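Below you'll find a set of structures to go through.
In the two assemblies presented below, chain A is common to both, partnered first by chain B and then by chain C.
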Partner chain A sequence: MQFLITVLLDGLIYASYLFIVSLGLTITFGVMKILNVAHGGFFAWGAYLASISIIYLGDNEYNSFLYYFAIFLSAIIVGLFFGYIIERFILRKMYNEDIHLIVLATFGLFWILEDLILHVFGVDPLMPYYPAMELGGIEVGGIFQGVYSLTLAGLAIIVAFICWYFLKKTKYGKVLQSVIFDREVSVSMGINVTKVYLITFIIGGMLGALGGAYIAPTISVSPGFAIDVVVMSFAVVVIGGMGSVPGALIGSLIVGLVRAFAVHQAPILELFIIYAIMAIVLIIKPEGLFAPPKPRKI
Partner chain B sequence: MKLTNLKTLGKIAITGLIASVLPMSVNAKDTVKVGVVSFLTGPAAGPFGTPAKQGAEIVIDAINSGTMPAPYNTKGFAGATMNPIFSDESGGGTKQVGLFRDFVQKQNVDAMIGYISSGNCMAIGPVADEVKMLTIFSTCGTERLYEEKLRSHVFRTQGNAVGDSLAAAKYIADEYFKGKVSTSDKMYTGINQNYAWGQDSYKFFKLGMAQYVPSAVGSSKPQFPKLFSGQYGSEISALSLDKAKIVHTSFWNGDFEAFMLQALVRGFFQKKILVSSVGGSGVDSLGKKFPDGVIMGTRGNVGLVVRNNTTPLNKWFIDSYKKKYGAYPLGPSYQYARAVMLYKVGMDKAAKAAGKFPTQDQVIAAMKGVTFESFADTIEMKRGDGHQAVHSIAYGVTKYNKAKGEPGIEKIITYPASCIYPPAGAISQKWVESGMPGRKCN
Partner chain C sequence: MFKGILKEQTIQVGIGFVFIVVLLGTFILPEWMSNNFMYGLSRGLAVLGLMILWRTNLVSFGHALYYGFGAYAVAMAQKYLGVTDVFLRVIIAIAAAGLLGFVLGFILRRYREIFFAMLSLAFSMVLYGLLAKAEFLGSTDGMSISPSTMFGFELGRFGLFYFIGFVVILSLIFAHAYLRSSLGHLTTAIMDNEIRVEYLGYSVEKAIHIKYVISACLAGGAGGLMAAALGQVDPDSMVLWSVSGELVFVTIMAGLGNILAPFVGAIFFEFIRTYAYEFAPQAWQMIIGGTLLAIIFFLPGGLWSLFQKINPFKKEKK
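This part shows the complex of A and B:
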């Protein structure tokens, strides 16, 4: 029983982390049909901005509540700033280009964002551990879990709920679904797709940055740490289905739980098993488990 | 064109050639151009690459100006000033081989110093021999570098990973198992990065434990997460559920800090004893949050374990480093400094023997098998046919120094090279498995 509870908790925590990061990636793809490799740059910038803010607040003994304010504010700033610049001045000029060129452009943007980090923040690792340390640990199923890490699951649930509510219950959500379904029809119905693209890209960037900002207090934030996260997020999105929000949720859960089980039972298979699942899904259902339906075009 | 004109042109060309070559050879005696390679970007830059570069800079500047303490107090390298060209080690072996060739063939360097990654050392080693470029590896740890093939132009001033792991096992036997320890406490496991360094480190730790503590039992599920994975929640849970009390790790860079942070909030160190072979940088990053009681090594007599060592050379290095960079030098700072010091020793010795500015072959001959003074011990180039260093290795237990307000270490035991490295010519694994014949620990 202790084993099962532990695997379940470990898997859920890791899945929550993956879900928040991959959600932005899959929304951007769903709406804009762009595989945004620069998503890792948003993740890294979110982590760095949150880190310096938290370290400043912690060193000067400000109220702990401000850590969380700093985390969300960092995500908003990074998403708005880089999201606007990248979409408005680079991607918008490329929408009619070959999709591979756009992927290459976002790949280049990822490295530019990474390099900017070196110039702005330097190479020294940042350790904004204050929130994680203050919340400490709690015994669940016989072993201690970090409370801060558990809050990640709460955040993922809130983000998933907001996302669901936004897409299903709001007018803008319906507009977004229309663009996801068919861009041309949406334009003919008078939807300002250009504006939808910009807002979507900014929201996607914010989610990527939120993943980095929230995880920062539990890691050593150093240059290049975002690369693996992007790769893992791609695995999640491929398993769940590119552009599918439920797919990102299910993909994250599958990867998180399977990885946790492997770490406990066969540590040497930890990475292999994730990509094995991805390969199996690609063979059986190449579009992913929950890929959104495509319109039939004549 | 008349023949006389051709002769005149020929004379001009030869004169020009001589004129262009002469200043170069004179300059070669005034300055030596050396490529210094360490991680300047990526996750290894902060805790490893940058302190390494800074350590090299301190020593190079001091030797160039003749201000380093004895026995390095003569000016320059065989009288020449070193002109270092710093380069980034990131990008993997293929990229580094390309950069290495560029240094040799386009920038015409006199020597190459550095390299932290074992993968990069394994890639560069054969190329250095092929292009006949004197190369001094400062940090990388794989024992395969010299056990697979002897190297003609490659030296390494850092002992290999075998010594780090065996010293860790010996420390546990000497310090932790001293007195009463129950059978369940004699179980051990590990969490190491899933590549050559991590796998080899744990392999030799296991082999060492089998020799020093035959009754100790290794876990069937040691953890090998991916390098730079950053998230260790599941691994920490798995280690917590494991009955093993001792946990070995050779984590370095941001991985070590992340693991410590995540383990700390989960009360991991109240139940387990962590043995870290190279986690010195994390002690400073976490400061007073770093837990007491971690068995810590620094891959030699460097960094955290020698902060209170008062040899003139060590005191000078710490003072100079703190003055310039506002922090203690870390293990990599020492390692790069030592590589520069070997170059000086070789250059000066060769120049003295030759009675003039030495050639590369003369420098290599002078460096081969040499013993030179380091900051807190001596380095003997006595393995790998005189190209591979052995040195003492110290381990201690972390204990925050409240009086000084800084991380500290206590219960330090220093193991001599003869105790933890195989004799010249022996293959490490076979030597350990056969009971480490000929080892001398006192």
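This part shows the complex of A and C:
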């Protein structure tokens, strides 16, 4: 029982964090058909910017509400700044290119973003533990668990709800869906697809940065730590179905729970099992478990 | 298949190029520079494999799978069978990667575009996950490789360099023979229109499968040679997805125009990396990323297109 609760808690926390990151990736892919490797760069930048702000706030003993403000602000700044630059000046010129070239370009951007971090923030690991320390921990079913990590699950639920509401209930969500359905028809209907792409990319980047910024207080933020996250969120997106929001949710739950189980039961399989699931899903159902049905086009 | 192949200009230029590189590397240049040539030639094999795949518009974002598998096959053969002979090493690496490619090919040959790339990535990460966590395979520290021998004698660095040159020449000949055969010509046809190729009576899946195995063998050979050259195998620098990304990057940097291009590109890449690391240790990734973007935007044909403009052996139009 104890074991089950540990696995469930660990898995859920990890899944929430993966969900936030891979939601950004899947939205970008769904709308723009771009597999964005640079997503890891957004993630790392969000984590770093949030870390230095939290460390600054904590060292000077500011009100602890400001921590959360700093986290969200970092995500928004990183998403806006890099999202705008990358989409406007690089990706926009490539939409007619081969899909592999676009992936490669984002791979190059990932490298650049990674190194920029070294120059801006230095090479020493940062440990912005203040928010996690302040909230302390509670006992859940006999297991001691940091409250801050639990709020991550709350954040994931809020993000999922906002996303669902936006896509299904607002006018902009419908515009987005029509662009996903068919880009050219949307253009002819008077939708400014260029603008939709830009905003989508920025929002995707913000989500990636938010994932990094929110997880930062629980880990040690050091150079190169994003490299695992990129491919892990790729696995999530592929398992759930590329471009599908519920897919990202299910995918991150599967990956989170399986990983937690493996970590506690058979550490040797930790990475193996995640990618094995990814491969099996691709073999059995290449579109992913929850891919939206493909529209029939004539 | 191999008839008259030595008279072909590509092969003659290729053999000349390899000779020059090997001579430069063994007699003239200082060791750190000649290392770049040696690693470039070895990794060029893997890039050649990717290039052959790319000609059908299949891009594998997991080719480090075979690269690393070949390297680890060499390590395993040494650990359990005591094999240090350089011929056996390369043969084992190629055979192991080829076998793996043959098995996975049954699945991968049905996939195209981004799904092909993603499934290759998944397979390579499966291997990475195993290697990075398994104690008996050395986990993230990897395993060390003892110096290569040939017929019982220690080979030395120069000897290994000659041997790498020899393997590269053989691969050039083989790859050229394959690409000019009708099976090889199918590749471009498949890229243009698969259905038409099927109507002509060829099996697209079979053609892709053969191509995939060839590509895997080349990458495995590259891994085996690199293992022997570095004296070390480890998952982070041989199997991780970023290694696959690097290989794809070198492919696009080199250009798809000629079978010699991958080797030129791989050597060039080794030099950028060494120089960037030497002069700007905190910015070498940025330099590589910037080069990648610059090539995509300003030199879509890759480095090879530069050579074509100043090619002294320019073919006359028939």
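Miscellaneous remarks
Going forward, the second predicted complex is superposed on the first by the 298 of 298 C-alpha atoms of A that agree within 3 Å, B and C clash if a C-alpha of one lies under 4 Å from a C-alpha of the other, contacts with A are read in each partner's own complex, and residues count from 1 in each chain.
Methods note: a residue touches a chain if its C-beta (ideal position, glycine included) is under 8 Å from a C-beta of that chain, and two chains touch if they have at least 3 such contacts.
Because the structure is a prediction, the values reported are computed rather than measured.
By the touch criterion defined above, A:Leu118 reaches both chain B and chain C. Once chain A of one complex is fitted onto chain A of the other, the partner contacts of A:Thr218 are limited to chain B, with no touch recorded for chain C.
In the superposition on chain A, contact of A:Ile90 is made with chain C only, not with chain B. By the touch criterion defined above, A:His100 lies against chain C but remains apart from chain B after alignment on the C-alpha atoms of chain A.
Of the two partner chains placed around the shared chain by superposition, chain B is the only one that A:Ile143 touches, whereas chain C remains out of contact.
By the document's definition of touching, of the two partners only chain C reaches A:Pro286; chain B does not.
With both structures placed on the common chain, the touch criterion links A:Leu271 to chain B and to chain C. Once the two complexes are overlaid on chain A, the chain A residues touched by chain B in the first and by chain C in the second are 118, 123, 227, 267-268, 270-271. Note for the complex: chain A touches chain C at residues 35, 37, 90, 93-94, 97-101, 103-105, 107-112, 114-116, 118-119, 123, 227, 230-231, 234-235, 238, 242, 267-276, 278-279, 282-283, 286.
On the chain A side of its complex with chain B, the touching residues are 2-3, 6-7, 9-11, 13-14, 17, 118, 122-125, 127, 129, 132-133, 135-137, 143-149, 215, 218-225, 227-229, 259-260, 263-268, 270-271. Of all residues in chain B, those touching chain A in their complex are 40-43, 45-47, 49-50, 90, 194, 221-226, 228-231, 233-235, 237-238, 240-241, 253-258, 261-262, 264-268, 285-286, 289. Only residues 57, 59, 61, 107, 111, 113-115, 117-119, 121-123, 125-126, 128-130, 132-135, 240-242, 245, 248-249, 252, 282-286, 288-293, 296-297 of chain C touch chain A when the two sit together in their complex.
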